[in-house]
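First subunit A sits with subunit B, and in the next complex the same chain sits with subunit C.
Moving on to the complex of A and B:
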């Protein structure tokens, strides 16, 4: 009995080894693609969702008119959120904090990491304009206490304060903190927190779907050779390697 | 959930979503939206030339953008007569062959607009003058039957052919006209591109890969379905 089981087990693995991937020709693939129906209104919704979540208020309003698609959240709330985002992007962090608190004081209360990052951004802005004394005072009074509570905050605080040690701030080891990208990062964080507080999904759906496509293709690669899309911006089908 | 997390960890080319959305707006001629989008993106997203350096495709659909926007607006408002007039003026080749699919869709829509406001006599006249010839055009015969059937019902909106009175039908016609105008581009490289956006192609590929994969699994589990994804799964996600 046990011998036959072993024999069957071996047969099984031989079969799996000799099964090569199913090859789907471009012709067949394109034929199947034609049968997939994607509704225009669903694509419109996806685009509207992107505009709204990313905060393109005006574009969302125009899109509503031009396409007749209804946004999934109240456009008025976007304006407030965008004002905060813009303030951070321009380096007016104090203003941004005030606006967030006006919108909903719970946001910063329930988001210590976000609050820390905003304060850190304030510190960066003070360093940027060369206000050394003010920066040090701010770091000691506002950020140090946070650093004591949390190891990663402390590390980030230390990196930021280190900027003060260099004459040529832009080219020092932590110079990237002075980059616009740092502001954008913080702005993004605030944006997400506000969206979450408004019970809206903080991320647009489109990037997730793109990732799903990459994933689906990777999964299918195990089983079949078929025309792939390797460049998302062109959606060009590339022939299966046989 | 675990699978979702794994998928989320995949990285995308920076700004590819932005590019895809822009491409969509350009393709369908949503000019006002596009302009707002571009203005708002100035600070945060790369320009077209930088995008090309990143390996992004070209935005070819700037051709006839304003005209396409105007035509779409006319059709969305149900003003088919003016749409015809503008087409004759700007792109006569699109409406030259009066038995073409585009003409069929436009004439049908004109007929539908008469029905919508209850002008049944005008609808009948128009149908006799402009739609009768399409009964011998095989690809559209079935749709034509539905269109003409609108005459039989009162109120037409609640009938089985009521879908023709929805805004989605106007949009369908607007999209067809859009594609036809795009096809008149003398610099057109790929005729296929008139019909479909990058976004649509990506979504189709996603759906098909998902279906194929599921087929290997004896059709168990759910395959990707955009409509369901947009209307079902969407709940507030907290980090």
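Moving on to the complex of A and C:
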């Protein structure tokens, strides 16, 4: 008795599911998509914007030549910025700092958090190559005063210095600080600061567009079943779940 | 720095800087400069270190020697180092100014090499950010021309510099007008169309030029037939938070300077919404938003209502739940809440119902002085709510104890703010004010009432007055024991009229409701009465005289002894015919309340059922007081008119029953 009741209950809910949402077939969808016009120039601009903001100078230069798209900032300024980013990514933080200061001394002077992160990265690099004494001295002389000026810096500093307490540094609690990803994070921060100082937007437009796509699909999910893009890198349309 | 190559210790590096003597030259000098520059940028400790080593004058001398046409690289490094010393370190700014860096930096603005120009412009910008830097004299024609020329340069750093100098240097109306007349304001408006940083710098500059200057604000609104104003209005919805903030501030300034602009409710509401949204932004844009909001709605109940209707109170209070707030932002939020609660009961109730009072009380103990002051203002305004005061929500230990603590604060500004809050919180309708008295509040108030600072004296006496409102006998005794009659008497004779007024009001509250009300007034050889008489005879403010006369009138309602004393107060035995009696002056006063109080006094002195009233009436008549009262039968103030009638009726009775002469 109860079993059939449950079964009926399920049928019931399936019915409501399928009738409240509109179903769009792949053919219908692809037909609608075809009707939407996108200009090539706009796409080129997006690509150029991405290359320039991320700092891929050579690619940007080549793209400019091959597509005829003009970048919205002077490619020469990108070179300087990229040198800084590269230096951080390869762990040459002192070099990076000097380059930033050559580019615009005001950046680090007016960005205490960035300055701290760069100095922190220097400390991490010293710890990485096992120069314990130098690391401690550096932490004491350069970073401790920053920690005194700001409570949150102090906490980050303590975490970094704690690395020195562990034998197996890579697998200790704060081990992710030694990861390459930390360098990339710092590099990204510097990149953004330089762009802002040049009155340029620090984020490329492409991610915003993709976010918009994801958001729009999520909104549409409530109302319809349709071919979705589930993998942004392949942008393949996947058939609706029914 | 870790032990490295010899000669890189700060002392050694500093030695190499300079011109001539032991200083390095050429490549070596360049290297030293660069090294010092890289060490000090972002690093306050190093800046101070090199400052003490005398690096600044040395570097400026290098700049001076090459500014005319030396090695560009040297100029750049020297300029950058100087700019960095001036960044964020007051001693650094002073050193840079004293060493005469500004003229040299200005000189290199016309250098052919763009990198040199950039270095000079950036450093000058740092210098002009500081309050220590003297204003640029824009009233001098050549200076104005120079600024204008900078605004027409292609270089973004240079135009931003010009905008900062302007923002730093125009305070007086004539300076602002001169800037408009020279075409600078118009040029700044044009530059608003440029890149982001330039635009922000121009917004700040424009705001400084129109601030508190209705004439220039009006002229601004007319630039390009109102297009300048419309572009500002567009910018409040710009995608960059900082631009939105600066544009809002600009509009608010224009509105304050010349209220006929930015007056539609629509735009004002928009500003409120945008500023409240800006609260969500991290960084300085979000920190400064609440200050701009407070400024926008200040003293305008209608705008308070608008803000409340779009959930401003909720949104501001939400921040308390999001974890620790950075001091500047916390101050801003507290000030905004204080402003919203200053007039609207709805806000106060809403705030209390959101259960954030404990956060505000916590802020009373914050390290930052400004935050403590803001928290006090907040509590003061919340406690304007009679409903919540009488429910006792604000007089619990958790609120009172930290407030009393602040009376001991090292900053007198904090003390004043705490007193403001205590003044209101002390108006407790409950009969026992034990919490306050127990935690030593009274002794500290009494202490502050003896302060050299008149504001502290005033507010502490005010707080005592409110504390004594409807207080019970024990509490009154307690206060009087601490305060002492003689102190009270000297407060009545204080040099500041507002303090006299509060002191008299305090006495009134002390005598009110007592079984023998005037024992204190007559204590210590009539100290209080004597003090009162003295100031009434002197030239005091209407407020004081009103308080004083009401007090006398109340005393005159006592027994025969009391009435005699009052009468002697009004009619001094050794009166000379020259100076008119103060009672007559008061009866002729324009102030309604003063006349009313004075007539009440006479009414009580000539009260029918009292023994010696007839004698007193006669004395009053002889002094011409009754005749004065007779002229007041048609007094415009109804209350006064009624009392006049009462007084005359009583006096007529005596005339009729005692036919003297």
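Here is the rule we use: the second predicted complex is superposed on the first by the 221 of 242 C-alpha atoms of A that agree within 3 Å, B and C clash if a C-alpha of one lies under 4 Å from a C-alpha of the other, contacts with A are read in each partner's own complex, and residues count from 1 in each chain.
Going forward, a residue touches a chain if its C-beta (ideal position, glycine included) is under 8 Å from a C-beta of that chain, and two chains touch if they have at least 3 such contacts.
In this text the structure is predicted, and so the values were computed from the model without any measurement.
Within the superposed three-chain model, A:101 lies in touch with subunit C and out of touch with subunit B [touch as defined at top]. In the overlay built on the shared chain, the residue A:25 is in contact with neither subunit B nor subunit C.
Of the two partner chains placed by the overlay, neither subunit B nor subunit C lies in contact with A:150. The wider contact with subunit A, measured as residues touched, comes from B rather than the other of subunit B and subunit C.
Of the two partner chains, subunit C is the only one touched by A:142; subunit B is not.
Once chain A of one complex is fitted onto chain A of the other, the partner contacts of A:199 extend to both subunit B and subunit C. Of the two partner chains, neither subunit B nor subunit C is touched by A:77. In the superposition on chain A, contact of A:182 is made with neither subunit B nor subunit C. In the superposed pair of complexes, A:67 makes contact with subunit B only, with no contact to subunit C. Residues 199 of subunit A touch subunit B in one complex and subunit C in the other. Residue ranges of subunit B in contact with subunit A, taken from their complex: 6-8, 10, 12-13, 16-17, 19-21, 23-25, 28, 30-33, 35-37, 39-41, 43-44, 51, 55-57, 69, 72-73, 76, 167-168, 171-172, 175, 197-213, 216, 224, 226-227, 229-230, 234-239.
Listed in rising order, the residues of subunit A touching subunit B in the complex are 24, 29, 32-33, 36, 38-43, 45-47, 49-51, 56, 58-59, 61-63, 65-68, 89, 184, 192, 196, 199-217, 219-220, 223-224, 226, 229, 231-237. Remark: subunit A residues 97-98, 101, 104-106, 108-112, 115, 134, 137-138, 141-142, 145-146, 149, 197, 199 touch subunit C in the complex. Residues 1-2, 34, 37-38, 41-45, 80, 83-84, 87-88, 118-119, 122, 125-126, 156, 195-198 of subunit C are the ones touching subunit A in the complex.
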